[in-house]
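Labels for the chains are A, B, C and D, by order of writing; each one numbers its residues from 1.
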Amino acid sequence: MLTEETINLINQSCEKQHSQEFESLAEKLTQEGIDVKTLLGQLEKFQIAVPSWALGAGGTRFGRFTFGGAPRTLLEKIEDVGLLHALTKNSNAISLHIPWDIPNDIQEIKEAAIAQQLRFDAVNSNTFQDQVNQKHSYKYGSLSHVDKAVREQAIAHNKEVVQIGESLGSKSITIWLADGSNFPGQNNFQKALYRTQDSLQVITKSMPKDWRLFIEYKPYEPNFYSTVIQDWGTSFLLANACGPKAFTLVDLGHHLPNTNIEQIVATLLMQGKLGGFHFNDSKYGDDDLTVGSIQPYKLFLIFNELVYGMATNKNNPPLAWMIDASHNTKDPLEDLLQSIDAILESFAKALLIDQKALHQAQQYNDVVMCQELLQNAFKTDVRPLIREMRLRKGGALDALQVYRETKQRQIRIQQRGANALSSGL
Amino acid sequence: MLTEETINLINQSCEKQHSQEFESLAEKLTQEGIDVKTLLGQLEKFQIAVPSWALGAGGTRFGRFTFGGAPRTLLEKIEDVGLLHALTKNSNAISLHIPWDIPNDIQEIKEAAIAQQLRFDAVNSNTFQDQVNQKHSYKYGSLSHVDKAVREQAIAHNKEVVQIGESLGSKSITIWLADGSNFPGQNNFQKALYRTQDSLQVITKSMPKDWRLFIEYKPYEPNFYSTVIQDWGTSFLLANACGPKAFTLVDLGHHLPNTNIEQIVATLLMQGKLGGFHFNDSKYGDDDLTVGSIQPYKLFLIFNELVYGMATNKNNPPLAWMIDASHNTKDPLEDLLQSIDAILESFAKALLIDQKALHQAQQYNDVVMCQELLQNAFKTDVRPLIREMRLRKGGALDALQVYRETKQRQIRIQQRGANALSSGL
Amino acid sequence: MLTEETINLINQSCEKQHSQEFESLAEKLTQEGIDVKTLLGQLEKFQIAVPSWALGAGGTRFGRFTFGGAPRTLLEKIEDVGLLHALTKNSNAISLHIPWDIPNDIQEIKEAAIAQQLRFDAVNSNTFQDQVNQKHSYKYGSLSHVDKAVREQAIAHNKEVVQIGESLGSKSITIWLADGSNFPGQNNFQKALYRTQDSLQVITKSMPKDWRLFIEYKPYEPNFYSTVIQDWGTSFLLANACGPKAFTLVDLGHHLPNTNIEQIVATLLMQGKLGGFHFNDSKYGDDDLTVGSIQPYKLFLIFNELVYGMATNKNNPPLAWMIDASHNTKDPLEDLLQSIDAILESFAKALLIDQKALHQAQQYNDVVMCQELLQNAFKTDVRPLIREMRLRKGGALDALQVYRETKQRQIRIQQRGANALSSGL
Amino acid sequence: MLTEETINLINQSCEKQHSQEFESLAEKLTQEGIDVKTLLGQLEKFQIAVPSWALGAGGTRFGRFTFGGAPRTLLEKIEDVGLLHALTKNSNAISLHIPWDIPNDIQEIKEAAIAQQLRFDAVNSNTFQDQVNQKHSYKYGSLSHVDKAVREQAIAHNKEVVQIGESLGSKSITIWLADGSNFPGQNNFQKALYRTQDSLQVITKSMPKDWRLFIEYKPYEPNFYSTVIQDWGTSFLLANACGPKAFTLVDLGHHLPNTNIEQIVATLLMQGKLGGFHFNDSKYGDDDLTVGSIQPYKLFLIFNELVYGMATNKNNPPLAWMIDASHNTKDPLEDLLQSIDAILESFAKALLIDQKALHQAQQYNDVVMCQELLQNAFKTDVRPLIREMRLRKGGALDALQVYRETKQRQIRIQQRGANALSSGL
């Protein structure tokens, strides 16, 4: 296990340069009227959950090119998220996927998480794959299936996921459905939506009072003609039908080309129905690429809405943040480090926006100034801020460097094997 | 003016061949259990409104290539829609656009419409252009504008449009907004949406009890970064906020690439909030091309949902149908004849779908059979049905042929001039 | 095995109705100046290859929902394509995928094909998956790989595929590469393209004189940021660099949203560089759905270009036709029957276009008439023509009906098992 | 006219802070092995042409919301570009559009340009609009028209544009065609492309030896079904057919959704056929928004290819750079200042990429490091570099601030009127 001492030691090699850069930036920001201490506090509090299935290599329809040292068990997954948190101080939670991560010994798992300073974020159910010994197949859908027996099986699975989550201290469940159709005519859209609504209502009703249900939407999967919950409008409609425990969850990759996602975020916040976020990036479809690797400005614009909404929309509960990416040609842990950095940097930049000046420019339709205000924040190199926050918390100045220098991947390959397979996507 | 006698005379030349084709089709359909008489009745009742602005050449940002003989006045527009109805018997309504079509003499206009057997469909307001002598500019929005004075001007205009519509017998108003932003930061999304909602509520409240408000959505205009009502979800949200008089209107061209429009139609029908339709076709964006000219199967799939929903969703009021196309290289009236035919054919094909067999195939997840049932209807050549209905009603067997043979365009050029300009897009 | 007698017997039940419909259509077409006999001859000659990998259930990243009775061996695959050909008389070829289909006994395989009246179409290489015992991994590319050893391995594999193809009588090889990158910066675009070109040139040079190389293009795979051959322009550039044996192959699903594929087809034909076609349909991306199930009019427009080009562009060699679809919720063989029908119907409709009248309307910019001419052909119900051709050749009037009535799937499940797995996608 | 003294005076107010920021950055870059002096020299040499039509308000199909003080004459347009250059020192060229900018007195125009230190970049022809007194209409095309007389008129116009350009010292012509079709069947794709090629060859042949022809491509215009030059492949094919004087020009807005433009740039550079660039940004289609306002990272990735290609592809001639944006809600001159900055910043960031380290990371497939290297450059705040270069050349430290403080727009409104109309889009 990577100790704080080792991190500190490696930090020392770049601490001097960092200090210069941080001082210089802090001075500039202070001059602009920004309270750097408050800013650092906001960055420190921002915590992103890592999903258990993103710790190994992702797969495509053609197979999977494995990395060595993938976590074979839930305990090893917790260990890996713990490493990310030790390095970044911004990922203090793990999000489980059932049945991939059913814990055998709840107590052992809880203690392992505590040891790594982790908590359990939203749990995820899975009705898009058939499990061995499963009575009914999800080939033609789950919560929307024409056959009541299949729907009941899927509902029961979701209830079980909630129970497991409860035992670990989770407070929410995320439901993503691969229900839909491959061809026109296959589904009766109205009936399928009605059945989905009915199933979700049953699940919500059965949930503990303090739990929240997050409903994902997605326009398509490969080979699909339609999905049951194709867009935020449908998810929102279902969340309203399920009552105050239910919310819409936005996955950045689940949109048609050119969608203005930041506006969707704003609308959901305004309605008090935004539950959480799945971060990733994409160029063509649901590519699940490293956060910020393709469209970092879009990510910043989304954070602009989030920062504004979190300050303004008190009717909306605190948001659940999670990375949902897939790793094919990068070491998964390095990939996650890059994603965590991208999220933190976007958040920091959004916090730099001069909201008062922006409001004024908007009032006067000074479109040029509106852009200047946003881009001034975006163009600022905020990396010294993130580093400073981590330094103060005992994290790594350069997480990737520490990861590589301390040979974390090689250690894992030795311990877990070169062909270790992680469950998950 | 084109008389029924002239139409009959030209019909005679192709009546024999038509009869053979109709008999043959009718026999086949009867064998399949379809009541041809009922079918003809449904086709006869299907009436589509023609918008006053589609009777002349459309424009692009580079200018407009005019056709001769465009209608110069509202009376001439009514005359042209009357011609389309005389030929097809399926377009008994005209949809006015204010201020382009403000009638001077209400009584004269009403009588002209009655003479052509036309009624007045939804009226359309215009806050996307500045009119001469207008106090405030809509450059930065109308119903969503940051300045209350601008919003009030736009609200007042809409109220005036309702009044004009009422005097002519219209029962609904369609609002399409070009409000939005060109750059990130220009608009505060939440505030802009809130202001829009507020404006729409004021308008709805002021409307007569038996009136309906149709709220269009559209993801983008050229040069835009965002629109205030970007998708059906936002329109639906606004329609709910405005109460039982307000509905969503679907324009086929107002969607992001690959959107499953037929599913949106189904969802809105299920919620009882589908108000009406603007028909057109497109390959890339909001192209306003002839209905059925690019994706006729998609149109058929939409009619499949409409036919099912009109029979099933009694909570949803009768729908308003309108063509909303633009004409750059086709004679506008010929273009409209092609659009009317495409709509009627799609409707007829959707009526042929064996709903009972489809329901059963869906219940058994017999996906192959679901497709067979839909495509069997689509592949059927239903043109003889449309022709038969028109023949019986005194319309033209081949509307385009009659239009050309009777030299309608040339007559108009003589009467109205080769450079006559029609108001509108 | 399904005998011609059985087919004839089942045909009899619907022969009378068919005759009426065919007579009626033939009479109409004859009146329009079309030589029905010639038309039937053209339909009869149109033969589509079925790929060996499309005979079983397709997979997604989440797994595969199997159908029973999938062909376990190459012999069984030949048997299945034989069945499709016996029913439709339009699929007399099989397209092999190496290494999934490496034949052990060439003579046995050839005889099996002859027994089913099949020939071997283009062979397909596979460098997008790692095979067991493969020396170098294709994780980071094959023909474009930075490491020469990997490129040479991939080149050697392609040469081997050509050899196997030659032994079976194939005359062409199709290369589809999953080479590309997942993130900006990963690839040097210029060097990667240069290496790809170099590899393709080596392969082409080594091919027998009468062989052709088909180069596929594709803008993206899930999780990708770039592909080495992203569009027809790149494939065309490579085909030119490889000389007269090399051609571009168009897969309908390999395009960005809204691409005008029919125009690409026309351009390639004009340049004499169109090699062949992979047919399928899609709504969102590379969905590999049943041909004609989503956008049948687009398919017709493509056939319009093909019919014109095959008659006009004598510089372009005869085209290779293949279905390339994936089956998740339909019985694969039923799905292929639907695809074959869709292709034949589109071809038949394109043959009905009055080319002379179309040319004239184009000369006079009579845009309305151009559309009328195309849509008149498209709206014609040509199914009786296909059926008549099949009836005369001993095929099935209704292939799907015969397939179901003779319980082909059940027979296969009995013979091959309910959990038989087919190699392939 | 804005004097250097005034600029200097305003600069002084922020010079001290600038110096600190520049020193700090220069030190950091020097430590990383970058020669800051060379870098400043490269930034200084980078000059972007401003098109004459972008100096006034752009139009949409609904009309135009004017800004006051638009340049009414070519002389005033030169004055405005001169102002941009005085402020930024990076826009020393103007690109004319004929017939909008036909100069009456060549000598006067040339002297005016020299006085502003401007040269004349590529001239642009216009065959997408009909001019008063034009013999033939371009309604149905120009260089691709079915009628030879129309094609000859369009060719003659292009020749005249070249002559005008020659008299002013231009060395290239850019051709953008709005030729295409609105409906399937309207155009014979092959013949239309052949006619276009023929016309372009005639124009190229007639051009002076040292001139270059730039051929734009574009997939669609609103209301279109096809364009004659839909993509880079078609433009490249035409450029090859026209010989060594002809090149492809890339307009960032002329692509289908999700196109990997940077890869197209790389391919064209590799082939020695990239002629120039039209810069703008867009969210949905050809939106002509401020450069860098929507996807700044994409712009950076394109500059990454340009920087690499300009250093590597000596076969490719120097590139022509131009902004091609449209202004609806921003002051056009402010908008252009923002665009110039965005281009310079992207160029500067691309110059910071450690090419040697990148090459090495690519060789080892260290995908994580490839991204780190690109993003390290992108995340660097390079604004102090641009400012320093301008300060040394006598330009403005903050161009927008100087523009506003010296009341350039108000001066123009006074001189030219509040309703002055600029010719152009």
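General observations
Assume a residue touches a chain if its C-beta (ideal position, glycine included) is under 8 Å from a C-beta of that chain, and two chains touch if they have at least 3 such contacts.
None of these values were measured; they are calculated from a predicted model.
Chains touching both chain A and chain C: B, D. Rotation angle, chain A onto chain D, C-alpha superposition: 180 degrees, expressed as a multiple of 5. The mean-CA centres of chain B and chain C are about 39 angstrom from one another, to the nearest whole unit. Separating the centre of chain A from that of chain B, both taken as means of CA atoms, is a distance of 43 Å.
Annotation for chain A: residues touching 2 or more other chains are 139-140, 182-184, 186, 219-220, 225, 257-258, 260, 283-284, 290, 293-294, 329-330, 365, 367, 371. Listed in rising order, the residues of chain A touching chain B in the complex are 139-140, 146, 181-190, 193-194, 219-220, 225-226, 230-234, 236-237, 256-260, 262-263, 266-267, 269-271, 301, 304-305, 308-309, 312-313, 358-359, 361-363, 365, 367, 370-371, 373-374.
Only residues 58-63, 65, 128-130, 137, 139-140, 178, 182-184, 186, 219-225, 257, 283-290, 293-294, 326, 328-330, 425 of chain B touch chain D when the two sit together in their complex.
Taken together, the chain C residues at the contact with chain B in this complex read 17, 20-21, 24, 28, 31, 257-258, 260, 283-284, 290, 292-298, 329-331, 334-335, 338, 345, 365, 367-368, 371-372, 375, 378-381, 383, 400.
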